[in-house]
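Next, two complexes with subunit A in common: one pairs it with subunit B, the other with subunit C.
What follows is the complex of A and B.
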C-alpha cells in the first residue's frame, strides 16, 4: 500500500511539468528542428533531399562574415561598457551616501525603456541637423563640423550603435553587482583596515573575490542577451548604411522575412546558434557543476 | 598617533564621498540627457522640432503630439493589444511555470535533472532560430495575425524563467505542509491549489513582471507574426512610425515616451523583485 502510493506519487511529477514541457517542445524545440532540416534542404525543395550548399555558401558570404564580426564586437564592447560603468556606479552606490536611492533609481531609467525606443532616442539625438549631440559637442569644441553624420558614417555608425547599447544595458549589470556588493560582510573590510590594508588591496582581496560569482553570471547573461539583440539595431540604423551595422539577428530576419530565402536563412540561424552555444558553454558547465 | 590615524580615515572617507558623488552626478546626466531631449521634442510643434538652431527647451509648449498619436494613429488599439498580450502572458506563464516549478520541487521522478537542464537550455535559443517555422505553423493553424499566436510564443519564452523561479520559491516552503495535506486525504492537485499556492503568491511577483515586460517590449515576434494594423502592439506601432517616409519626430517621441511609461513605472516600483529573481535564480543555479 505504502509503496504503491509513492509509485503513483513519483509519477505525479510528470503531470505537473507536462504543460510547460509540451509548450517548450511545440514552440521552441520543434521549430528549431524544422530550421535544422531546412538548412540542409535544397532551395525551394521539400522532401528529404540533403545538401550542404547553404553552409558552403554561408562560409563564402561576405555579408554574413560582416554580421558575425559585428555581432562579436557588439557583444564584446557592450559587455565591457556595461561592466565598467556598472561596476563603477555599483561601487559609488554601495557607499550608502545620502540620496543613494534617488541616484539608483535614476541610473536604472535607461534599462526600463524598450530597446526599440532606445534605438529611436539615439537616432534622434544623433540626427545630423536637428539632433542634440552635434550642437552639444560644438559648445565644447567650436571647430566640430556642423551636421556631422554619425549614423551614415562608415567608421562611426557601428560605434554609435554600440554606444547606444551601452547606455541601454549598463543598469542591469549595475544592479546585479550592487546586490553582490551588499552581500559582502562589512566586517571583512573593517578587519582589513585594522590590518592596514589600503583601499586598493581591499578591493583586490575582498571586493573582487566576493563578487566573482555574480560578475560571471552578470556577464554571461549579458552576453546571451547582447548576442541576440535585435530591436535596437532595427530602430536605430536598420542595419545600414549598407550592411555596416548588420548583426546576426537582423541579417537572419531579413534573409527569411524580406528576401524569403528560407533555407539559407535557416543555415545562418543554425550557425549563429552553434556559436552562441559554444560561447555560453563555460557558463553552462559552471551552473551544471553547482547543481 | 591614534588621532592622526582617525583623521586620515576620515579624510579618505571624504575623498571617497566626493569621487562617488561626482560619478553619480555624471551618471544622472548620462542617463537622462537622451530622454530629456526626447521629452523636449515631444512637447514641440512639428515646425519647432525642425527649426534651426535647435532649441533645448520648447519656446512654445504644446501637447499637440500627445493628441495626434491617438487621433492620427491608432495608438489606442495598439495599447489595448499590448495590455491584453502582456497581461495574459504574465498570468499564463506564471501559472504554467508554477505547475512545472512545483513538479520539480516536490517530485523525484525519473529524468528530473535532465528535464531541468532542458528547461534551462531552451533559454539559449535565439528568436530568429525558431520564428520562421513558428510563423508557418501559425499560418497553417489560422493563427497568423492573432494575439493568441503572439501570446503562446511569449508564454513559452517565459516558461524556463517562470519554472525556475517558482521552483526556488517552492523549495523554500517546508515539505511538511504537503505531507499534512496528504495525511488529510487531499490529492496532490488540491494540495497545490489550496495549500501551496496561497503561500507562494508573493513569489510570483518577479515572474509576472518578467513576463509582462518581455511581452510589452518585444519587437521580433510581433514584427513577424502580425501584419495588420489592428493587431499591432505599442512597440510594433512605434517601430513602424520610424519606418515612415517622413518621420514626425514630435509624435514619434511622444508615442515612444507614452509607450515606455508602463515599463518605466513597473520597473522602478518593482525592480527589487526583478533583480532578486534574476540574481537569485542564477546564483542558485
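What follows is the complex of A and C.
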C-alpha cells in the first residue's frame, strides 16, 4: 500500500524541528563534548592527545570521595525532607479551608527565593552573635547558650545546610503532589467511606497509589536538582568547616575556577554526570513507558 | 504602470542603500574605541568614586576612547575572566591580585606588556615601581602587569578599649605572647579581644601568615618542590592562630563564618578591639558605622608576628586581556590608571597605597596617621609561593585551619593532613 505521501511530505517536518535541534546541539551536546574531551586531555595540553590520568587521580582523591559521600547524604536527606514536608503540606492545602489560595501562595514563597539569597538569610539567622535563632530558642529554653555556633560546629553544620535546603526546596514537591491529589476522583474517597474505611486506610489504599507516579517523578526531578545544588552551600558554609559540607558541585567549581585545573575538574564533572544519569534511569524509563 | 512601480521600488532601494551606507560609514568613522574596565570595585564605595573620577577624566581627555564600566565580584573575579577568556570576549582591562597572575598567564589569557614597556623606556620606566611588587607581575620572562597597589597588613586597635582595659594605647603588643595577653584583657563585657578570619577566603591567609611565618615556618622547601609543613615552627605558628579561638577564647564565636567584612563590622560596632587589617580598613569602618570616630579611636601598629618580623602583603594589579581587539587603546587607559596623579588621587579617595615609588614616598602618605604605619610594614611584606599549585595548597590550608577552629582535628593532626595534601598537590610520591 502506498500512503500517497511524497518524500517531501514525509521529511518536511524535520525542517521545523531543525532550529530546536541546532539549539540543543549548541547548548547541550557541544559543551558536553568539550567537557568530555577536556577530561581526557593532559593538564594544560591541547589538540588530540588523550590520557586517563585525571580519572585515575579522581579515584585516589580523598576530597572527591568526601564530596561524593556528602553529596549522597545531602541529596538523600533533602529528598526525604522535601517529600515529608511537601506531602504533609499538600494534604493540608488540599482541604477545603477558608483562605486556601492564600495559604497555597504562602507555602510557595521559599521556592521564589534564589539559592544565594536563601543561603545568606540562613547564614544570618544562624549567626552566633547577630542571628535570630539563638534568641528565639532561648525564649523557650532559657539555659540555651546565647552564642551557640551552628555553622561552625562539625556535627551541626551539615544538618543546618540540609535544613535550609529542605525549607528552600519543599514547594516544588508540594505543588506536584497537590496537583496529583486534586486529580484523584472524590468518589473514590466517598465509596471507601461508605465501605467503612477510615482516613488512614483511605490514605494508604487510595491517596498513595493515586500519587505513586507523581511521587516517583517528583523525587526523580528533586534528586537531579539537589545533586547539582551549589549556591546555597557556597553562601552558607563555602564547604566548611574543613570539607564537612563540601559537595560535588562546589568542588568541581573550585577545581575549575580557583585551582585552574580545568581538565581535572572536567573529569570530575563527567563522573558526576554519569552517576546522575544512572540515578535518573528509573525516571527516564518511566517517562519512556508513559510515552 | 507596472514599469513605473518597478522603477519606484528600484529607486527607493538605491536611495535606501545609499543612506544606510553613508550613515553607517559616518557612524563607523566617528565611533569610539570602547575599553571595558573590569573590577569588583565598581560596586564598592568609596573606591567607586575614584573609578568614576578616572572614567570621567579619561573619557573627556580622550574623545576617541571610551572607558566602560565592567563589573565583576571579588569572590568570582577569576571565574568571570576565565569564562570570558574562553569565549575570547574578556574585558580589555581586568583587576586581580598577585595570586592569579601566574595562573592566568600560564593559560595565555594575559597580554604581554613587555613591548609597551620597552616603548615607554624599558627599565627606566619600570624603575618607578616597587621592585618587590613588580616581581609578582613577571612570569616566565614576560611582564603582564604594573602593580597599582601594595597592601601590607598591620595591627589595627581601638585605643579607647585599651584604656578601658587598663592598657597603654601607646604601647601596642609587640610579640605573639603579648598579643594573647592584651586580647585576654580586652575580652570583657561581651566584647572580644581580636577578630580573625576563618571563612574560606584569601583574607584568611593574610591574617594567618604573619604568625605562621613569624614563627619561622614556611609552606614549602626553598625549591618549592615539597611541603615544609612538618617542622616544629610550622606547628607553633599554626597552633598559635587556631588557639586564639579554641584555647584563649579571645575571638568572637563563629570564627569559621567570619570574613574580612564581618570582622570590620565587629570593629566598627565595637564588638571587637583589634584586628590584623589592611590600609583601607579605617575608611571601611567609618562607612559601616558613621558614628564610630575612627580617626580619634583607632590606631595602627606592626603585626606582632614573632621571632621573625614579617607581614603579609597583597599586591593588586590590572591586566590587559590577550583577546583585546584594541591593545594600543587599552595600554593608553592602563598607563593613565597607573600614572602618579591618578594613583595619588586614589590614595586620597579610598586610602589605598600605590606601588609607585613617587606616590609611596609622597608627603600625603608620609604624614598620614595610618598610611605611614602601613608603609613601614611594606619592607617586611611577604607573599605565598607563586606557583600554579598554590590555589590548591591554599585551599587545603583553609581546610586545616577550619578543622583546627572547629575541633574536628587537633592542630597536630590538621597540620599533618595539610602536609600530606600539600605534597599531593605538588605531585610528591
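Just so it is clear, the second predicted complex is superposed on the first by the 285 of 291 C-alpha atoms of A that agree within 3 Å, B and C clash if a C-alpha of one lies under 4 Å from a C-alpha of the other, contacts with A are read in each partner's own complex, and residues count from 1 in each chain.
Throughout what follows, a residue touches a chain if its C-beta (ideal position, glycine included) is under 8 Å from a C-beta of that chain, and two chains touch if they have at least 3 such contacts.
Nothing here was measured: the structure is a model prediction, and the numbers come from that model.
When both complexes are superposed on subunit A, subunit B and subunit C clash. When the shared chain is aligned, subunit C comes close enough to touch A:259, but subunit B does not. Residue contacts after overlaying the shared chain place A:128 against subunit C, while subunit B stays out of touching range. When the two structures are aligned on the shared chain, A:244 is found in touch with subunit C, with no touch to subunit B. Between subunit B and subunit C, B contacts the larger number of subunit A residues. When the two complexes are overlaid on their common chain A, residue A:44 makes contact with subunit C while staying clear of subunit B. Looking at the shared chain after the overlay, A:108 reaches subunit B, while subunit C stays out of its contact range. Of the two partner chains placed by the overlay, only subunit C lies in contact with A:149; subunit B stays clear of it.
Look at A:271: by the touch rule set out above, it reaches neither subunit B nor subunit C. Under the contact criterion defined above, the residues of subunit A that touch both subunit B in one complex and subunit C in the other are 123, 129, 253, 256-257. On subunit C, the positions that touch subunit A within their shared complex are 76, 78-79, 82, 103, 106-107, 198-201, 252-257, 266, 271, 388, 391-392, 395, 398-400, 402-403, 405-409. Residues 9, 12, 16-17, 19-21, 23-24, 27-28, 30-35, 37-38, 41, 49-50, 52-54, 56, 96-97, 99-100, 102-104, 106-110, 112-113, 115, 117-134, 136-137, 152-153, 155-157, 159-160, 163, 188, 192, 216-220, 223-224, 235, 238-239, 242, 249, 252-253, 256-257, 259-260, 263-264, 266-268, 271, 275-276, 278-279, 282-283, 285 of subunit B are the ones touching subunit A in the complex. For subunit A in complex with subunit B, the residues that touch the partner chain are 9-17, 19-21, 23-24, 26-32, 34-35, 38, 85, 88-89, 91-93, 95, 97, 99, 103, 105-117, 119-125, 129-132, 135, 167, 171-172, 175-176, 179-180, 193, 199, 213-214, 217, 221, 224, 227-228, 230-231, 234-235, 248-249, 252-253, 256-257, 262, 265-266, 269-270, 272-273, 276-277, 280, 284, 286-288, 290-291. Within the complex formed with subunit C, the residues of subunit A that make contact are 44, 123, 127-129, 147, 149, 151-154, 157, 237-244, 253-254, 256-261.
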